[in-house]
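I have a structure I would like to understand better, so I am pasting it below and will then ask my questions one at a time.
Should a chain be cited, it is by its letter among A, B, C and D, assigned in written order, with residues numbered from 1 in that chain.
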Amino acid sequence: MTRRALNYRDYLRLDRLLACQAPVSGRGGPAAPDELLFIIVHQAYELWFKQILFELGVVQAEVAAPVVDDRAMGGIVHRLGRIAEIQGLLLRQLDVLATMTPLDFLEFRDRLFPASGAQSLQFRLIETRLGLRAADRVGLAARPPAAGLGAADRRVLRRAEAEPSLCDRVEAWLERTPFVETGGYAFRDSYRQAVRDMLERDAAVMRAGKSGRGVDLAALEAARRHFDALFDEAAHAALVAAGQWRFSARALQAALFINLYRDEPALQLPFRLLSLLMDIDENLTAWRYRHALLVQRMIGLKVGTGGSSGHDYLRQTADRHRVFKDLFALSTFLIPRSRLPALPAKLRRAMGYRYAEGGR
Amino acid sequence: MTRRALNYRDYLRLDRLLACQAPVSGRGGPAAPDELLFIIVHQAYELWFKQILFELGVVQAEVAAPVVDDRAMGGIVHRLGRIAEIQGLLLRQLDVLATMTPLDFLEFRDRLFPASGAQSLQFRLIETRLGLRAADRVGLAARPPAAGLGAADRRVLRRAEAEPSLCDRVEAWLERTPFVETGGYAFRDSYRQAVRDMLERDAAVMRAGKSGRGVDLAALEAARRHFDALFDEAAHAALVAAGQWRFSARALQAALFINLYRDEPALQLPFRLLSLLMDIDENLTAWRYRHALLVQRMIGLKVGTGGSSGHDYLRQTADRHRVFKDLFALSTFLIPRSRLPALPAKLRRAMGYRYAEGGR
Amino acid sequence: MTRRALNYRDYLRLDRLLACQAPVSGRGGPAAPDELLFIIVHQAYELWFKQILFELGVVQAEVAAPVVDDRAMGGIVHRLGRIAEIQGLLLRQLDVLATMTPLDFLEFRDRLFPASGAQSLQFRLIETRLGLRAADRVGLAARPPAAGLGAADRRVLRRAEAEPSLCDRVEAWLERTPFVETGGYAFRDSYRQAVRDMLERDAAVMRAGKSGRGVDLAALEAARRHFDALFDEAAHAALVAAGQWRFSARALQAALFINLYRDEPALQLPFRLLSLLMDIDENLTAWRYRHALLVQRMIGLKVGTGGSSGHDYLRQTADRHRVFKDLFALSTFLIPRSRLPALPAKLRRAMGYRYAEGGR
Amino acid sequence: MTRRALNYRDYLRLDRLLACQAPVSGRGGPAAPDELLFIIVHQAYELWFKQILFELGVVQAEVAAPVVDDRAMGGIVHRLGRIAEIQGLLLRQLDVLATMTPLDFLEFRDRLFPASGAQSLQFRLIETRLGLRAADRVGLAARPPAAGLGAADRRVLRRAEAEPSLCDRVEAWLERTPFVETGGYAFRDSYRQAVRDMLERDAAVMRAGKSGRGVDLAALEAARRHFDALFDEAAHAALVAAGQWRFSARALQAALFINLYRDEPALQLPFRLLSLLMDIDENLTAWRYRHALLVQRMIGLKVGTGGSSGHDYLRQTADRHRVFKDLFALSTFLIPRSRLPALPAKLRRAMGYRYAEGGR
């Protein structure tokens, strides 16, 4: 018995795929020529969401391993890079949607009620699996039933919320970083001293009145307190409770270490991983913001089709649905390479390849 | 005497242009390899700002004419389209700047103090000439001396602020639109009635309880009040005072008319003009927002090199430095084409070409 | 009886849409994690192809009207602009596909045989409906059965080939342009004289030896012959037969007229229409070329899954499947605005709006 | 004595930078409003070329080290990634240039003669330092004096041509890869056998007639010959002489090894390095092609301002000025991961980190 030769149309299920566009306009009313565009844009979004969820799934599984295999790091970084690339495409897709004018949208907008983009399960899943917690959500996003999310979808969402997110996995992975206190080397102490020296030098310059920046002494003092909290369990816990930090102090220290010593072979890909998490956070945020602008352009001051307050709600989520803010805030605590304490030779060696004495 | 043959290098003044990059790092300290990128990104921005200001100048002059020549409309729309295209490039340039990591920025960041992007005269001029008023500016942008803008630059800025902006010119041009009340046709009355009918129909459906959307009756009532204010001098003035509208009622009506009847030959390019003003506003806003994210990534919680509060300040300007919000809000008051009152034949004819009875 | 409330999932047929991804890897063999990406990229392409075909259909119908309604021009230009915008997205999608490495493709490539992108009916239909004729196609594209296109698809394709393409419609529309010989004004004569004068001036400068460009006299002579052929039926027919021109002389003259006098109100949108046809041609060409590079990267020197010779074949189509080359070539025959013969006042008036003596 | 406070304007040399735009139109003739755009686009290109050359310089120096420090690999890959990102911007810049219409270009085009983009020294230097040899250049690019490149520029170019290019450095670095024959493991033999087995299996299926792909037996045989040449000095030399390969057999084998075993920690960044070289080659090629299309649109069939044959010449360079074709061709010789011979445990260990038995 022979397998039937595969062809393009069957392989891609084109007969089904291209039958999934079912405009509501035109049924017992005038056709709205731009509704097809509206449908196809959203379907393309959902296809890409599926791909992002798939990539996230692979990455989550890899990072969840008790010990992340070094051989896996290249693949993890590759997949995160792909997610960022897809996000670039999704941002561009808004430009295509923007070719629909408000007047053309109006031709079929009322027929869509109460369907709404807030009902996209996959979009919520992406947020959740990245690390957005139910309690972080604002406005309509915080109330799935109000947003019109069906019971089955809500169950799927709750299950995803109950599982460790990528953010959780990354935090645990950071906490396991073997280098920060390895080999008798105390990154904490060495680094804290370097920062204190730097701040002291800056303060001395200011006190000498050479910069006319008297006002900055207060900022310097605040920076010092911030630094200290990073190494003080109680102070850190207070900041977590206040929503200022999410990651544990241990994880933040590891992330700092990776940022500062990223040139060591064993830290090069971990550094890219952290950078890509910021890229992904930034891309999602930029998409939300641009989407909010587009919605305002489409519907003005009106409420969205799902009953949300439209533009304002969406703009809020841009700022408040971010997941990896901690990584952005860490930049505050970087110090120039030239002031970095040198790593103990043994530690540096441990972060190199075994073959390294030979080499190319 | 013959003119010396032009060559590429001289034509573009490359010897001077490529000598304008003068890193501060490396002079009495270690070189910071990424400072060149930092300089070139900003210089490329300034080159493009110059181009945008040039295009704005041409457009402002054309729109300022007592009667905007119909032959000029194609050119105006073309130039606005070019500005939007350049903005797309400027947004992309942030991706290039983002390849500089916070640690690499730190190598030379302190040496830049107190220079700051807030001192870009050309960027402020673009905002001002689009229509941002001194009083609209927030934070540091509102205090040019504090922002470090020199006396000469402040004079140039004040002069630009004293002149009619593109926004002013467009408002006046809209007010001159000959169609809105031409030929005995009263767009106001006809349109208001159509909107009232639409709202009445919607309310009837709701009252009949068929939609279960009881809550929306309040929204309907609010929408009706909004519509009415658009045609009531006093109510409109109150909204202007409250910062809800910027354009005059006359100009807003004309903009609505153009949006609604944009298929008439004489309105096709005016419609594109209004759309492009929204594109430009949106692009500038998106750039500001994305820039704010990037700054947060670079410096974390620190203040900017110019002493501004960094990320938060920049994010604020994204929302509050917008100029053409009125055009976005107008979408609230559009009605579907199918409910548009037909234009009087004479008016429609006036908006067509003279040759039109012949034709292609 | 009440209509069930619409929701997002049902509206977009997500249950079906998201069930259309059926990787062949993993069935009786190891799963290839990147096959999902491969499928989704191609499905996204097909969704967008459907949208492009829809927009083309609307435009073709509008341009086919015996007299293209001036009220329709804004819409036609808008839709062509949307197609160009979608093409920008499709180009960007290649960057996403490029995140699949050759080694990852290899995991499932053999299982796809003999399915091939050359079997995309919708892509061929886009080409055909734009104006690519069966005889223009090169390589595998010229032999649909060899390319694996099924009998039903071939019938659909043949039917599309039998109908007037957008290129045909545009040619006929250009031929109907009422201005070129309207009102006793002979664009032909006036313009030809201007060109002859220009060439004569250039030749005089050269003969005077001031430029040292002796070699260019031959080029000048060739340009003159080219110009003349444009106005000589027999010479033009010979060039058509030689594949140098596709449009009739009448249509080419009209396109030139539109390019040269595009500031006249009645020509502003026709000019944009011609520009957009070039954008679309250029975007499709750029996509083909970039796709060819990507295929070479993926499979090296091998043949494609459909048995085509891969990269070389695809690169050939980039150059030879272009449809609107004539419009690009016309740039050869433009003359500076300053040397344009003034249009007769009556003709200029005919190309303005009826209301125009009033104005804004 | 105190250092004067730095400000934005001085830091960026804005007074000079913004005085470098000197249109030729308008001097003793009508101003051409689009000439400023033309100048600024090209100046922005030159700024970015300077940045690319800087990055290339850093990368070339790092790769030139007798032993490339593993700590440097992250930085090398980062800089190549930045070059690719800048290229993405340069591609986008063509869209901005394309907003200049042919008629607007014509207003000042003749005044530019004989200046030409072919005279851009920095563009040629980029090509040369990537690895384009003088003998590889086609058309005008092959004759710098004819292209109008001045004597000083030609000297700079010749000097660059005399130095090892990035391509040369990468080849040498590949040849030094310690893994390919390390530790008694013979990648050659092991891999060749795997390939032979694969081809044999394929041939057996075909002979059994199950696929109906009789014609492919010839292709299989050709592929086998290709494989063999890769491991046969004389056969390889013949292919180099025929211009089919550029890299040595040793370097090609190392590149293959890196592609196939890229998951090993020590190969993850080398794999990204090779991928980025392909990205850069592809981006440059795509830019050249798109530029050729744009030139055709601007000037039609005419010669370029520098006397080049315009579009055709530029299109030729797109295909023939590529530098890293070898890396693309290598895809031909990849085999699926599942058929890869396992590496000896000792070799795998050598390519891991020293710390690896501990881990995260």
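By our rule, a contact is a pair of C-beta atoms (placed from the backbone, for glycine too) under 8 Å apart; a residue touches a chain by one contact, two chains touch by 3 or more.
A quick note: this is a predicted structure, and the numbers were derived from the prediction, not measured.
Greatest Cα centroid separation from subunit C: this falls to A. Comparing chain pairs A-D and A-C by the number of C-beta pairs in contact, the larger count belongs to A-C. Centroid to centroid, with C-alpha atoms defining each point, subunit A and subunit B lie 29 Å apart. Centroid to centroid, with C-alpha atoms defining each point, subunit A and subunit D lie 32 Å apart. Averaging C-alpha coordinates per chain places the centre of subunit A 39 Å away from that of subunit C. The set of subunit B residues touching two or more other chains comprises 113, 262. Looking at the complex, you find that subunit C touches subunit D at residues 30, 101-103, 106-107, 211, 219, 223, 226, 259-260, 262, 275, 278, 282, 285-286, 289-290, 293-294, 296-303, 315, 318-319, 328-338.
Residues 2, 67-68, 70-75, 173, 176-179, 182, 210, 262-266, 268-269, 271-272, 349-356, 358-360 of subunit B are the ones touching subunit C in the complex. Listing the residues of subunit C that touch subunit A in their complex gives 5-14, 16-22, 24, 33, 36-37, 39-40, 42-44, 46-48, 50-51, 54, 58, 78, 81-82, 85-86, 88-89, 92-93, 95-96, 99, 111-121, 148, 150, 153.
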